[in-house]
Amino acid sequence: MIIIMRPQVTEAEIQGVETKLKSLGLKANISRGVERTIIGAIGDERKLNKETFLALPGVDNVMRVVKPYKIVAREWHQEDTIVDIKGIPIGGNTIQIIAGPCSVETQEQMDSAAKNIAKVGCRLMRGGAFKPRTSPYSFQGKGLEGLKIFRQAASKYNLPIVTELMDVRYLDDFLKQGVEVIQIGTRNMQNFDLLKEVGKTHIPVILKRGLCATISEWLMSAEYIAAGGNHNIILCERGIRSFETAYRNVLDVTAIPVLKKETHLPVIVDPSHSGGKAYLVPALAKAAIAAGADGLLIEMHPTPCDAWCDADQALTPDELEKLMPELRAITQAVGRDM
Amino acid sequence: MIIIMRPQVTEAEIQGVETKLKSLGLKANISRGVERTIIGAIGDERKLNKETFLALPGVDNVMRVVKPYKIVAREWHQEDTIVDIKGIPIGGNTIQIIAGPCSVETQEQMDSAAKNIAKVGCRLMRGGAFKPRTSPYSFQGKGLEGLKIFRQAASKYNLPIVTELMDVRYLDDFLKQGVEVIQIGTRNMQNFDLLKEVGKTHIPVILKRGLCATISEWLMSAEYIAAGGNHNIILCERGIRSFETAYRNVLDVTAIPVLKKETHLPVIVDPSHSGGKAYLVPALAKAAIAAGADGLLIEMHPTPCDAWCDADQALTPDELEKLMPELRAITQAVGRDM
Amino acid sequence: MIIIMRPQVTEAEIQGVETKLKSLGLKANISRGVERTIIGAIGDERKLNKETFLALPGVDNVMRVVKPYKIVAREWHQEDTIVDIKGIPIGGNTIQIIAGPCSVETQEQMDSAAKNIAKVGCRLMRGGAFKPRTSPYSFQGKGLEGLKIFRQAASKYNLPIVTELMDVRYLDDFLKQGVEVIQIGTRNMQNFDLLKEVGKTHIPVILKRGLCATISEWLMSAEYIAAGGNHNIILCERGIRSFETAYRNVLDVTAIPVLKKETHLPVIVDPSHSGGKAYLVPALAKAAIAAGADGLLIEMHPTPCDAWCDADQALTPDELEKLMPELRAITQAVGRDM
Amino acid sequence: MIIIMRPQVTEAEIQGVETKLKSLGLKANISRGVERTIIGAIGDERKLNKETFLALPGVDNVMRVVKPYKIVAREWHQEDTIVDIKGIPIGGNTIQIIAGPCSVETQEQMDSAAKNIAKVGCRLMRGGAFKPRTSPYSFQGKGLEGLKIFRQAASKYNLPIVTELMDVRYLDDFLKQGVEVIQIGTRNMQNFDLLKEVGKTHIPVILKRGLCATISEWLMSAEYIAAGGNHNIILCERGIRSFETAYRNVLDVTAIPVLKKETHLPVIVDPSHSGGKAYLVPALAKAAIAAGADGLLIEMHPTPCDAWCDADQALTPDELEKLMPELRAITQAVGRDM
């Protein structure tokens, strides 16, 4: 940690910082420059809060030198993590396409979806039984009943399931239903109690990025799960909020190479929620793979016009089928397989 | 709801929309303009999802006419709501200053804080026993023990307490400790299960705005609480995220008059978290009252330099004491009292 | 244009809107719904200002139905525009890579750059003689002398040049030097007098997107150039500003398919300025082509460590050479050539 | 400047940084910490570009210690600057309200506006003869003729005029018409050639903040003007762009105390353009003064419904008259006069 003092700093103020550092078990390296005095903290800065020093008299600014995350940091774990989901790897050379409808509606809908997903060659299935909806008057998901419908449909085609957990009280039910991948949604990226609970299991977790979360905050949320002992974490970029109104969210494609540098965890992308329109999905899906993503989370609904939520962003089975070889071409162009 | 069709729309596509509207119990008003055909939905549009229509062939755009919130809307409830907290009104002509430390640390700290708060004339006290922290390695709050410490300190000075609930599993403990005001924090503004649970109680709720929540989304979260039966809701603006790095968040002062037009609920402002620096608090606090806020949530710590979190944003007792008459002057200038 | 009236609207207010519409040569279609009265304007809404109607008594909201741009809109010009630069097409099936240093420094630097650019197979060269710099104390570009240096270096290798015009007073010099492509930079996207002047020429223009310009505003700036008679416009996405601090700007990859739908103009991407770091360029360049971009603007410097500006974002000649076949692979995967 | 090296840095890389610093006339202070080696630059860091060092091998991050602006910095000029406009001070204890229509339309309109402005006690008048409009098809301002109309109307009531300059080629006309205050608009905040030209005059300049300009970038633009010799600079906050769509822009009220700390220049606020709606002006105007602004720029039109642009954000003469005593009350509450 680097502590920059104000221009007319006094010796007493410099000593105040030094004393505080010592009381926290670190040493001070004091450098008196032409315009500013700068104090470097020698020791493990992860123990320190920036704010503690910003509150001291004479301090102008404080900068961290070391990244605040550790278990998830590539700095401490060089090789890529591959999360194994019933033998299906996420991370590594193979790209996975996870497809399925936004929400579980009926057994027929899920059976039809599962059949199509298996047919086009996807190896995992997504679907929401518990839905976070902006309005209390919108369809809130089928709940536990939906989870059972989903389980039954997916099992028929041997597809591991990915589904969102919103409330700690339902974790046991997820375990009972053998959910293979728990999704932590955008709105819960900083629901720390929920992160702690899934951190105690060993079930793979897809951690979606918050709508305006920085990459650092996102990795700190992953660190919450990892700190509990669960290292089976997959990061999912799903668009961030901006001023633009021509589409729903900006897909942050730059986050992909940044994450590849900062962390060893696999990174997937949700091109459906980010753009919010079916017509945008092919371009965003290809861009994500070209930029280095390890997989995609794509919405597909047997009959999008009848979908109970987000009808305008789901692909039809035919559109997904047409997209698959296009994605395969990009995958090969970047030297990977699908 | 207004449905705008594409330029070269066909009659079959127009009929498709009409059929869908009828199936949902509404009528269609079709207007063929020079460049576009436009279909107006006649009936209760709150039942409709925009996406359902965006997914239909020939549809270019869909716009809502009616606001999605109802119970919290001023349109349906003209007079200002005044939330009563043990005889202390929030909303109405009197402005309330709620002060206290970021987090509960020790009994001495809370006793000292409570004493100072009562002394300067504040009538409610804030403090966090459960703390949402970006890092799993930061102090996470004293938990239940902290709640008891807080209760004891505040009761000595007859100060109702405001404290954050992060996890549904602790609601019973909050009830047992007689928490007078439950705070729903920024990160939980769209934790819908938590909103539903506090909606079932009658305890006043301070609902903080999410870091990048639109005003409409925020009011929809309030609607979640109200829909459960709890109408004792206070909205708290606490800064939104932007590109600026010179301070923590932008205080959205414009939200105050917008909310006053859109909703009957009281609106308070947290000038401490929004700016993130003690030196900004006086200017932001005065601006908030000048713009029409009904109260403030201010961080004050007996000795900020020793605070366990957010040390650089808390006022000292002396600073708070000096600020109070300045706030009173602004209050009088806008024709209100404190 | 759709005009939505307030809930308790009076007949006089409705007539006021009707009268205003008539005075502007349009007709009113009045629809009295369950909760709201809605007035549709029949006629050419491009003549109307939203604000004129928002200011009338009884009006709650006003929504445009027709896009505000016309010459650049795909709606009015279905086939893709191909801009011809001395026989080199931008737009169409072939992807162009425009490379070169951020700023013109010396004849040796530019000669070396041109040689490398030609060698790796790029067909156009970029370089700045006039530099928009945040600080008045930073290197401001070599000016006219730089333009001549650039001209000489590029001509030796038959490379048309792309260079930024910041000030209307230098347009004649650009014409005299035979600049093949004028770049309008991010900070000048809404310098309307500059747009009008380049609109009077027939020189191809690369119009970079403003740092927080919406796609609609950007297309309106293109419309300024087109309205002057110059239809040789190339749009360049170069990242938009967000809250994220891990890189410089967010590359808005979603803008590519949106632009392809909205306009017939070619779209290129600048992966160097958007990320602001050389290590991000390969991933962003590949993502841009995968998403449908028609070309790239890449910074390359013979010796980046010695560059006079933006040293950390330029590729070395070797890095560019290594990148070219990777880009070619993506190009082929999307069925195009390079 | 602080240069943070990568974890596994080599001695050669450290020496590379040292050599570079020496070549630029600075010394290196090398500090080898537990996890990182950090190099401090001893000397005038304003000569250095961050990018130069970020491009060197082994460098992880670079942080500035000293602010990049100097003439406009409070650090170098402690007392507040008061800009004198024909005897009317901006800055200091007196708050100035500058009012007038968005654009000059007719002599009658401007005469009527001037009369009302003088009547309610405002001492400066604003109005636009050259208008930056998003669309080439919108009214672009009356140009020089408008300037003359404005001059005549304002002179009758002895009101100095504030008007926007968009194009360097019109500066002479502004001088000829004796424009008392030149406004540099939002879209031209980084039109550096324009800044340099007004920097050569001694006419007071109102420099509006760019739509997504950081405070630091804004001060650097002021530094451009100051570096030319013109220190008569007034900063004008007018709202920044965000994700919120309930109003036009977020008034960045926090910028006011930040600017008061960072610079000695006066700061005014435009509550009309920021919110974009007349009903928001009173709340925003009061908030601005409460937060420490030195003045306001308010749109007032004799008959807003007939205004040729931004009709919905102008106050009527009666609304302005009613607002003045409310602003005076806030002014007195903060110990200033009007």
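Here the chain labels run A, B, C and D in written order, and each chain numbers its own residues starting at 1.
Just so we're on the same page, a contact is a pair of C-beta atoms (placed from the backbone, for glycine too) under 8 Å apart; a residue touches a chain by one contact, two chains touch by 3 or more.
Treat the numbers as computed from the prediction; the structure is a model and nothing was measured.
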So which has more C-beta pairs touching, B-C or B-D? B-D
What's the farthest chain from chain D if centres are computed as the mean of the Cα atoms? A
What is the distance, in whole Å, between the centres of chain B and chain D, each centre taken as the mean of its C-alpha atoms? 31
Just give me the whole-number Å value for how far the CA centre of chain B lies from that of chain C. 39
Residues of chain C engaged with two or more neighbouring chains: 212, 241-243, 245
Interface residues, chain B side, partner chain D - complex: 212, 214-216, 239-240, 242-247, 250-258, 261-262, 274-275, 279-280, 282-284, 286-292, 326, 329-330, 332-334
For a test of understanding, state which residues of chain D touch chain A in their complex under the given definition. 2, 4, 7, 29, 31, 33-36, 38, 40, 42-45, 63, 65-66, 75, 212, 241-243, 245
Which residues of chain D touch chain C in the complex? 46, 49, 51-52, 54-56, 68, 132-138, 140, 166-169, 187-188, 190-193, 196, 211-212, 217, 220, 223-224, 227, 241, 277-278, 304-305, 307, 309-314
